[in-house]
Each structure stands twice: as C-alpha cells, then as structure tokens.
Amino acid sequence: MKETTIVEKSKEKKLKNGVLVTGLPGIGMIGQVVGRYLVEELKCKKIALLFSPHFPHQVFMTKSGGMRMIRNSFFVHRGRKRDILILVGDVQAMSSVGQYEVADAVLDYAKKLGVKEVLTVGGYSTGKISEQRRVFAVATSDKMRTRLKKFGVIFGEARGSIVGAAGLLPALGRLRDLEGACVMGETHGGYVDTASARQIVLLIAKYTETPVDIKRLDALAKESEKTIKKVEEDIKRNMVIPSETTGKVVSYIR
Amino acid sequence: MKETTIVEKSKEKKLKNGVLVTGLPGIGMIGQVVGRYLVEELKCKKIALLFSPHFPHQVFMTKSGGMRMIRNSFFVHRGRKRDILILVGDVQAMSSVGQYEVADAVLDYAKKLGVKEVLTVGGYSTGKISEQRRVFAVATSDKMRTRLKKFGVIFGEARGSIVGAAGLLPALGRLRDLEGACVMGETHGGYVDTASARQIVLLIAKYTETPVDIKRLDALAKESEKTIKKVEEDIKRNMVIPSETTGKVVSYIR
Amino acid sequence: MKETTIVEKSKEKKLKNGVLVTGLPGIGMIGQVVGRYLVEELKCKKIALLFSPHFPHQVFMTKSGGMRMIRNSFFVHRGRKRDILILVGDVQAMSSVGQYEVADAVLDYAKKLGVKEVLTVGGYSTGKISEQRRVFAVATSDKMRTRLKKFGVIFGEARGSIVGAAGLLPALGRLRDLEGACVMGETHGGYVDTASARQIVLLIAKYTETPVDIKRLDALAKESEKTIKKVEEDIKRNMVIPSETTGKVVSYIR
Amino acid sequence: MKETTIVEKSKEKKLKNGVLVTGLPGIGMIGQVVGRYLVEELKCKKIALLFSPHFPHQVFMTKSGGMRMIRNSFFVHRGRKRDILILVGDVQAMSSVGQYEVADAVLDYAKKLGVKEVLTVGGYSTGKISEQRRVFAVATSDKMRTRLKKFGVIFGEARGSIVGAAGLLPALGRLRDLEGACVMGETHGGYVDTASARQIVLLIAKYTETPVDIKRLDALAKESEKTIKKVEEDIKRNMVIPSETTGKVVSYIR
C-alpha cells in the first residue's frame, strides 16, 4: 500500500444535504467519544474503511482471534432531514505529509458521496475543569458561523492553532468549495471528557436536525465527572503547597 | 532505486495451492529461525530477491570478499500436496511507509505466483520461559482459524498488536482476497528461542502436509534451552533480593 | 493534498521586468519584517496562496472565529518601472525534501508570471549589535552582483551557508535561467531586527526603482533599537564576570 | 526539485571502457581526498552536476560573493587506455530513501555514458595507525576480484558492512550488469588520512592504466602523517593510565 486507500464496502447513493462529522482521537478524546456515540446510537451503517501507510505498521489482535488493521472507518446515517457521514478511527496519520494525504482522501470520498459541509470535532484544552463545558468553534464561512451561533456555539474566543484532521479537513475542504467548521468542547485536557463530548453530541443533533437519544451518554458523563473530581481532590490533597495549586490543575494523563 | 523492487531469478510456474510463509526478524527471532530452517531442510530454490530503499543503505561484506545488499529473499518448495513460498530476510523496512510499501510488493509477487494463503510467523512475548511453548494465532477468516485449530493452535488468547510484516501481510492480503493468519510462538522475548521456533516448524509441516525432518532443530533447541536456563540461573543468583525475581525474569538481550 | 499547491486568486497579466522578493521567517526575522512592510506599504494585491504537506499540519484560529491554513502568500506590486512579486509566509517547509519541493513550486509560478530575477532576503548573524547594519549579499551572476554593488551591498565577506528558501530559491532559479541573489541584513541573531530590515527595504526600493515610504519603519526600528539596547544592558548588569561578556552578547531569544 | 536531478554541462561522447570512480565523504575522508586529487591531477573536465532534495537545504557562500548549491559533480578523464568518470561531492544523501535514489541517478547517468565498471573508494576503520596502509576490497564479480588482486588488493579480510554510496553503487550496479568493487584504504578512522588515500590513488592509476603524478600527494601524506603522530603522542602523554592505552588509540575527531 503506497497511498492512503479507501475501501468501499457498499455502493451508496448520494447523501441528502450531506454533512461530514469527524470523531478522531485528540484533546480530551472528545472527537472519538462523540463519533463512537453517534455511530452506536444512530445505528449507522459502515460503508467504507480508510487505510494509510501513514498509520502505524501494526494490526490489532481481536478477542475472537481475528486481526484488524489500524484504520479509520466511514459510517452513514440516513436522516429524515439530512444525511450524516461519520468518520471514526483509532489514529490520525503520524506525520504532516501523512495528515495532508489522509485529509485529501477523506475529502475526495466525502465530496463524491455528496457532502456539502465538514464539521469536525475536537477539544479545547483550558487546564481547568469547567462546570459549563462551553462549545467553541471556528468556521470557514460566515454562513456556517451564523448557523452554528444559533445553538450557542462561541466564536472568536478560542485562540491558537488546531492540530491535525480537526483543522485540516474544514480548511482543505474550503479549497474544494465545501463549507466547514471545527467545534471544540471545552475541556481540562488531561482527561477523557465525556461531559464535554455530551455537549457536542447535543449540538450535532440540533444542528443536523437528527434526533439522538442522549440518556446513555448522560449516565457515562455523570460517572466520568465523579471520577475526575475524585482524582482532582486526591491530587490537591497530596500537594505539598496547596495554595499554589489553585487555578492550575496538574494533568497526569497524556 | 526509488521503490521496493523484486528481482526474479527464474521464471516460475504457478504454485499449487500456494501458501506464503514468512521468516523475518522479530520477537525471539522465531520467524527468522523458522524461515531459515525450512529453506535449508526443504532444500528450497531461491527464486527472487526483494530490495527496498526502506531498508538500511548498507551492504554486507562477505567472507569470500564479495558484497551483498540488504534484502529479503523468496524461496520455493514444490511439495506433493502443496507448494510453499518462503520469504526470509535480514531486516524489515525501517518506517511505517516502508513497511506498507514492502508488504504491497510481497503480496503482488505472491499473488502473481498463485499464493492463496498468507501464513506469517512471529513470536508472542510473555517475559517468562514456558516449558510448553504454545502456539498462538490470529486469522483473517473463519476457515483459516478452523483449519489451524485442528493442530492445537490457540486463538483468542493473544492480546495487543502485531508490529510489522507478520501483521501487515495477512491483513493487507485480506484486501486482495487472500486468506491469512499470523502464528506466534510463545516466547520469553529476551532470547533467540529455537524451542519455540521448533513448535512452529512442526505446525507448518502438518498444516501444509509437508514432511520436514526436525532432528537438526531438535538438537539446536535442546542446546539453546540449556544455555537459556543457565543464563537465567546466573541472573537469579546475582539478584540482590531474589524473592522479588519470582515470576519476572529480566531480559538482557534486546 | 499530496504536493505543494499554489491556488491562484486572480488571473494576472505578465509582470513587467518582474522580480521575486521573498519575506519568509529566518535569522532576525528580517525577511519576514521586510516582506510584510513592503506588502502593507505598497498596498500589494494578494494573488495566490501556497499550501504544502511539508508545512505543519495545523490551522490557525483567527480572532473573528475563522480558520486559516498555514501557508505562504504571493502579493504583487505593479510599479512604474518594474513589477514586484512578493512571497511572504508563516513558515518554511520542515524538511529538506519539503524545502526543495516548495522552492520548485515557487519558481514555477514566478517564472510563469514573468519573473526575471529572484531576490531573497535573509539575516546574517554576527552575535553583535552593530550600529551600521550593513547589507551583505551573494549572487548567482556577475551582472546581478554589479547591479547590487552600486547600492553599497557588500559581496565576498559573508561566510558559511544559507539555510532554507533564501539560499535555495536563487540557486535553483539559476538552473532555470533566472538571475538571483540573496541579500542579508547584518544582525545580532538573537532579536527581531527591525533596524536591519529597514536597510533592506531601502535597498529594495532603490534597486527596483520603487518609491517606498519608510517613515513607519523608521519609527518601528528606533523603538526596537531602544528595547534591544535596554535588554543588552540588563544582561550585562546581571553577568557574574562582566569582563568576559565584552564582545560577546548572550542571545536569549531563539 | 522533487527528485535527484543531473544537469549535464556538455554533450559527451561514450566513454572508452569506462570506469566510474567515486570520491565522496566517508571514513577517513579517503574517498573525498582520492576523488579531488584525481580530478585536479588529471585536469578532468566537469561534465555534469547532481542535485538532490535528499541533500541538505543549504547553499554555500563563495569567497567571491557567489553561491553554490550542495551537490555532487561528475568529471571525466579521457585516457589513452580507458576513460574514467569521477564522482566527487560535498555530501551524501541524508536518508536511506535518499541514498537509494541518488545511487539510482548516478548509475543511470554512468550507464548512459558507457561505464562498464563501478569502483568506489572508502576507508576501512581499524582504530589503529598502521604504517602499511593496506587496501581492502569487496567485489561483485570474480573477474573484478581477480583483476584487483593483481595489484595487491586484499579480499576476504574486511568484515561488517559498508554504509552509503561506496556500498550501494557497486551493489546496485550489479543489478544493471555493471561490474563493481569497493576499495577501502586501511585507516585509523579518527583522522583525514592522506597516506591511505595515496595508496588508493596508486592503485587506481595502475588498475586503469592511467599515469598519475603522485608527487604532490606524497608531500601532503608525509605532512599529515607527522601531524597525526604528533597528535597521538600528545594524547598518550595526557592519558592518566598510559598502560591502558596501548593498542587502542582514542579518536578525537569524528
């Protein structure tokens, strides 16, 4: 395999007002949690696999004695209002050259299926645990900004740069006349943040007019919230000079 | 040389129910020991060489004053029941991009020769020295799993990921409608494990219905077994707190 | 995106005696300061963007909630005497292979637009703060050397090698029959050196017979000069053995 | 520049029984010293330049205010008996992929010009200063071995691997039906070894039946020999436990 390759598992008809939503590993694992939840909850159909020489040269052994390549997978949800193409995966490409190549392949495939909008999901790391879990975003067009603002998404506050597919896909999509945005769940950065992922799932459900049952995620979010708080308290208790820890929480997961 | 290149040394007729067996460097050097033993014992014919810019840019000096590129080699055994294509070599490609490219070239060539199955050989590192030397495996199809189970191969117990050609070849082979499996000899991980390689040679002989004289390997395995035990005893004797060493043996070769 | 790509924003007519001037990041940030000043002061028109998989796989978030790929940009100034194509950007390619590929793309585009000369801008690091801020240069042709010498540019004194686009563009341009030179502002190396950039802007204005208002840069240069001197004095004061610092100033910015 | 590129400076007629001799940087700088001496002494004509994106992305500034890309250069000597193509250069490619690509380009060009034999020059590092400076070699054919042995070249004693172009060129040349050998001057490894280079120049002169005036090299070799001995004595004198230094000389240049 010399280039990133997409293997289609079924012939699909064009998407209806298609939106590509990504759920890849990244800050707070928010993208991955969101992507997996949508795929399971919406009972999406797996329609294609993406392999790349820019992924690690490893295969996973499965519990049933099978083997599975490291890959990204495309799922589709055919909704009443619009269709969603969801990209989930184990990894992102390991180099800059690989990231651009994979993004290219993803956009080629998405555009072929009729995708009009690219909506990537990431985490916005603050180093703090916020109760609110706001949703920040940047977009490549005013229209998309306007549409997202209706649902409380905050533009113009996030600073810095977005690393990887969450940034490249909407940005490169713009060069192909796709509208695009990256929505980022506010998160500590040192934990898998299910509570923040929950906010993004709610947003995507509203934005795409897709009913998503959130109950299971509510439960997961509450539990993870408890664990995180417990860990944070343990950390503070074990600090030598507690006063210095105020406002700055040590991240112990990377 | 810009791409992985296979140089055929002879024009070969199609393999009869061909199986590709790999013997490349890896955990416990089991693959390499198995590959070399089969090539020697079955007096296989060398039919092709594989060179790659993803191998180190070095050549070996030979004892007779010759020079030899770093390479992988294909050997063939024409059996009564089925034909075996054996891939052995000094190295594996040094990067992920290289691993995928080399795997591609190997599968192209194997398929052209009529290979139907890919059976790679690796080691499964446990950090312990087991008397038994079980054989674990993962496969890409139920059929292959069923066939291998008949010979006592254990599915569903190995965990984690397989790095390199042992994993990539069957996994990428599946995308080309080749059946595939990786069989892994149980091994400590810190030694060249001839005893474990012996188990794999026995398995391959049975699986491919190929008579293989195992005597020479028996002798080698017994000798290496003695050496390993002696080394382990030396290590234990020199440990400061011997009780802590129980169940966990320091690996001193890498 | 598999290769460096230039996206043209407008169809441009051929340049009149065109010269390519580069303003990319480098020693003392002189190139970047020069490029940006010329673009702003001459109110240049942005005519093309250059993207590359050899740039980092990141996008910047803008204050207005937009997103912007890491890129280089081409601007044009249509002058009375001659036209200037200006290349500015956030970054240079991150590898040698990337640097050669990007340089290739830049020269392809420049030549297509009618560029005859390549004039890159860099810094020449001396580790000292000189009042004079001389301008050193190397050129690929005697003609260009002669023309630049008229404006006080010093040839034959700079030693060593030029890393990146400032060196590669004129050198590779020569293989395409473009004349080329790299002009380097004398600089400490540890600071953004607006005063040195000012000298280069003056040179380019004279060399290309393009009137450039230098007032704004005069002010910036004076201010930065004050800051640098203050910092240097602070450093000297805090040195344990001040006598050893004479003639060698610690660079604390990289 | 996306690939290694050879720029021909003149149209050359085919070489008479052509031999490619390489003089690139490596152990003891023997290759480079040999290549440069032959080029100067035989007043060879520069006929082509080789550039590569696998060389560093730098250009050298020359004393006269010019600039020069990092490159390799081909020179030709038209002899009475046979013609020699000499490859000299500043650097070798920086990666394995680059080394294979450059070797390919060199062999393409050499074969086009009519080269029949590839004779690369390297150093064989022993960590000792030998009076003799023997010449070791490995070859890709019995014929070449036989021919070189006539001149006292030692086969079958050198061990290990040859890194870079000195090994790759004859080995890859063999795949194109070129005969090849690598001759290695015995050397300490820690010094530029002109005395060892001298032995190789003498060998090449005899092997190719090309008269080469060795006087200038004799003088250089004697001088460098004195310097090396002085340095070695200084090192020994400054050793804390001199007895331990016997037979093992610290290399302080790398």
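Per-chain residue numbering starts at 1, and chain names A, B, C and D are given in the order in which the chains are listed.
In this section, a residue touches a chain if its C-beta (ideal position, glycine included) is under 8 Å from a C-beta of that chain, and two chains touch if they have at least 3 such contacts.
Keep in mind the model is a prediction, meaning the values are calculated, not measured.
Annotation: the chain B:chain D pair of sequence copies touches via predominantly different residues, less than half of the used numbers being shared. Centroid distances built from C-alpha atoms place B farthest away from chain C.
With angles rounded to a multiple of 5, the C-alpha fit of chain A against chain C returns 90 degrees of rotation. Chain A and chain B have CA centres that are 38 Å apart. If you average the CA atoms of chain A and of chain D, the two centres end up 54 Å from each other.
The touch graph of these protein chains is a ring, one cycle where each chain has exactly two neighbours.
In this structure, the chains touch in the following pairs: A-B, A-C, B-D, C-D. Residues 1-2, 7, 51-69, 94 of chain C are the ones that touch chain A when the two sit in their complex. Only residues 3, 93, 95-97, 99-101, 103-104, 137-140, 145, 155-156, 158-164, 167-168, 170-172, 175, 182 of chain A touch chain C when the two sit together in their complex.
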